[in-house]
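As written, the chain order gives the labels A, B, C, D, E and F, with residue 1 at the start of each chain.
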Amino acid sequence: MIYLTRRERFNAAHRLFRPDWTDEKNSQVYGKCANPNWHGHNYILLVTVKGEIKPELGYVVDLKILSKIIREKIIERLDHRNLNLEVDFLKDKIASTENIAISIWEELEPETRKLEVELHSIKLEETENNFVEYFGS
Amino acid sequence: MIYLTRRERFNAAHRLFRPDWTDEKNSQVYGKCANPNWHGHNYILLVTVKGEIKPELGYVVDLKILSKIIREKIIERLDHRNLNLEVDFLKDKIASTENIAISIWEELEPETRKLEVELHSIKLEETENNFVEYFGS
Amino acid sequence: MIYLTRRERFNAAHRLFRPDWTDEKNSQVYGKCANPNWHGHNYILLVTVKGEIKPELGYVVDLKILSKIIREKIIERLDHRNLNLEVDFLKDKIASTENIAISIWEELEPETRKLEVELHSIKLEETENNFVEYFGS
Amino acid sequence: MIYLTRRERFNAAHRLFRPDWTDEKNSQVYGKCANPNWHGHNYILLVTVKGEIKPELGYVVDLKILSKIIREKIIERLDHRNLNLEVDFLKDKIASTENIAISIWEELEPETRKLEVELHSIKLEETENNFVEYFGS
Amino acid sequence: MIYLTRRERFNAAHRLFRPDWTDEKNSQVYGKCANPNWHGHNYILLVTVKGEIKPELGYVVDLKILSKIIREKIIERLDHRNLNLEVDFLKDKIASTENIAISIWEELEPETRKLEVELHSIKLEETENNFVEYFGS
Amino acid sequence: MIYLTRRERFNAAHRLFRPDWTDEKNSQVYGKCANPNWHGHNYILLVTVKGEIKPELGYVVDLKILSKIIREKIIERLDHRNLNLEVDFLKDKIASTENIAISIWEELEPETRKLEVELHSIKLEETENNFVEYFGS
């Protein structure tokens, strides 16, 4: 069993807020992250899959294919987007790093299963000082 | 003469567009950077000043003071903000990395002069692959 | 269950030595790290906590509060300090990266418990080439 | 139990191919990585060992010794080498990041056992976007 | 006048040698960099152009176009290639970082002139510890 | 003319203070950097030389020789040292990043002249947020 990681990036706008709260309440809870005019980040996404090496090929999975799937299923839908307004799989969710990471897991897990590897973790870096990791449960 | 650099960071939303153009025209010229719903970045700002070492102190300028000024005059006004909507010194400007860097120069130059050092350059990194530098003219 | 990491930094002096050994013996065992005149590092600290996402808030723990606790309980006591002479919770310990990491765990674990998250790991980087990780046992 | 990591680097040439396939077949499967004239990488190797802290010494293992072993057993045999042609322990293997990582594990595991620590993982970064991790089984 | 930099990467094999020297002489002069079986690097290329901001557009040059030209004229010809054997514009040159950087300048300078910006510098990083910069003369 | 840079690192203790001032005065001027018990840093040193490419060799200067000189003349004298107490060429100087950079220039400049290249700059990074550059006058 070996673990393979692909790093991708996307740049997006977001805010932390609950639509059922006033701006004052959102600001009190989320601070400057609740700014109604949005802010944004250069997100770094690390997708780790695990599996046996295919002995006739020398690798767990073709990285070109893995990267293509991450770009099609995730990056193209998040990059240069507003994470609160424009991403179907984040609809009605608070756009926290935690929730985004879990949603990315849910989008990618069926895809990696088709590739006959197991999705091991989603790591999502919001800034150089803050990141989350999700292992599927 | 020695050059001293302080690195600071801010996370902000922006878009590239001209209000006198249609969305179609903006999208044609600026591509996904024109997204009307905004996107964002973790901007990295490097402020370089130059001057003689003060022999009785061993430094060009007190970094604590330089950092404090950069934070008060720039970071607090840009961090977790929408660069198109909320920053007085970017009003009516296209929020390109180039324009932001020049505007930061204009804000900081009078401040560094008060510190009796010369502002040498503003370097602004938008992503790990794109950055600009401005030297004041 | 999701894992959340906060990165902080501190700059400190230290040396590796045992007070019951001669300088010669310390130098023989620890090499240049035993220098009686001290040396120092820019330490990088990564604190990882884990927990369930609070569904009404979208996060595991408020990062502002987590960061504040790390700064108060760890960074303010280590930054610009001599790790052998000035840190109560390192007293009588060999100031190795291993021992510092474990001591940071012991200081932070009661605090994270108050936040109702579980401390998962302390990662401490001494240089770009050397780091340790501790998981609490 | 604490985990200690040492980072080392080597620069090498390689290609992905099977000698029993034609150049066309190799190119079809491995793309530009199959280039018969080779390409190369700055590989980054992270070796993680785990063990109890030796209380009389304050560390798990002497990093100078661990680093010396990694250099002698791995770096000197891989650095500025052709991984397909010149490395005995990679002979008859497809020179994928996965296979190189596993082979490094097999070379290092007996050595770390002599040091009375347990080899925990081999992480091998091929580029800033691609890396693998192996935990011994 | 503002300076704009685009960062790109390529992975390639090379060796330092003169074909009119014996392997012994090459090895004596270039050390392990002369290995006849090649070695390789993850090269990082930083292309800096300078010019006036186009006031109606807010930028010096469209980064999408600049990046496209660098990829077509440089990256596609160097990435996953053998720099000594497969690159027309490096033919008959010693494949040193210095010579590669100058040759990249010569390839790109006519292209940036067509974009009505001035090529300012080519920075080429061979490893995290070694890099060169060329300013055109 | 081409510019070649070599990156080296050293870990050292220091403090900012003037021996003719009281601890109170030093602390008032230099803040926590004046701590009488020292603190320390992982310094990163970038030495840039410039010159013509030697056409028969393909490089400006042999990097192995340049690196050896930097290590012998600078790194071995600063690494794992107390910059205030143990470095002859810093004696009686305030151990600021500015002064250290200039003193490194003065030590290296005669050496690079012997190599028939010109020393262009000394860049010294004290932390990831603070660095200085010196160009010789």
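Some points to look at:
We adopt the following convention: a contact is a pair of C-beta atoms (placed from the backbone, for glycine too) under 8 Å apart; a residue touches a chain by one contact, two chains touch by 3 or more.
Being a predicted model, the structure only gives us computed values, none of them experimental.
The most distant chain from chain C is E, comparing centres defined as mean Cα coordinates.
When the contact pairs of B-F are matched by residue number against D-E, B-E or C-F, over half are shared only with B-E. The distance from the centre of chain D to the centre of chain F, with each centre set as the mean of the Cα atoms, comes to 34 Å. Centre to centre, using the average C-alpha position, chain B and chain D are separated by 42 Å. Note: centroid distance chain A to chain C, computed from Cα atoms, is 29 Å. Residue positions of chain C touching 2 or more other chains: 128. Across the assembly, chains come into contact as A-B, A-C, A-D, B-E, B-F, C-D, C-F, D-E, E-F.
Of all residues in chain F, only 16, 18, 29, 31, 93-99, 101-102, 128-135, 137 touch chain B in the complex they form.
Chain contact summary for the complex, chain F toward chain E: residues 1-8, 48, 53, 56-60, 63-64. Residues 9, 11-14, 32-33, 35, 37-42, 79-82, 85-86, 127-128 of chain C are the ones that touch chain F when the two sit in their complex.
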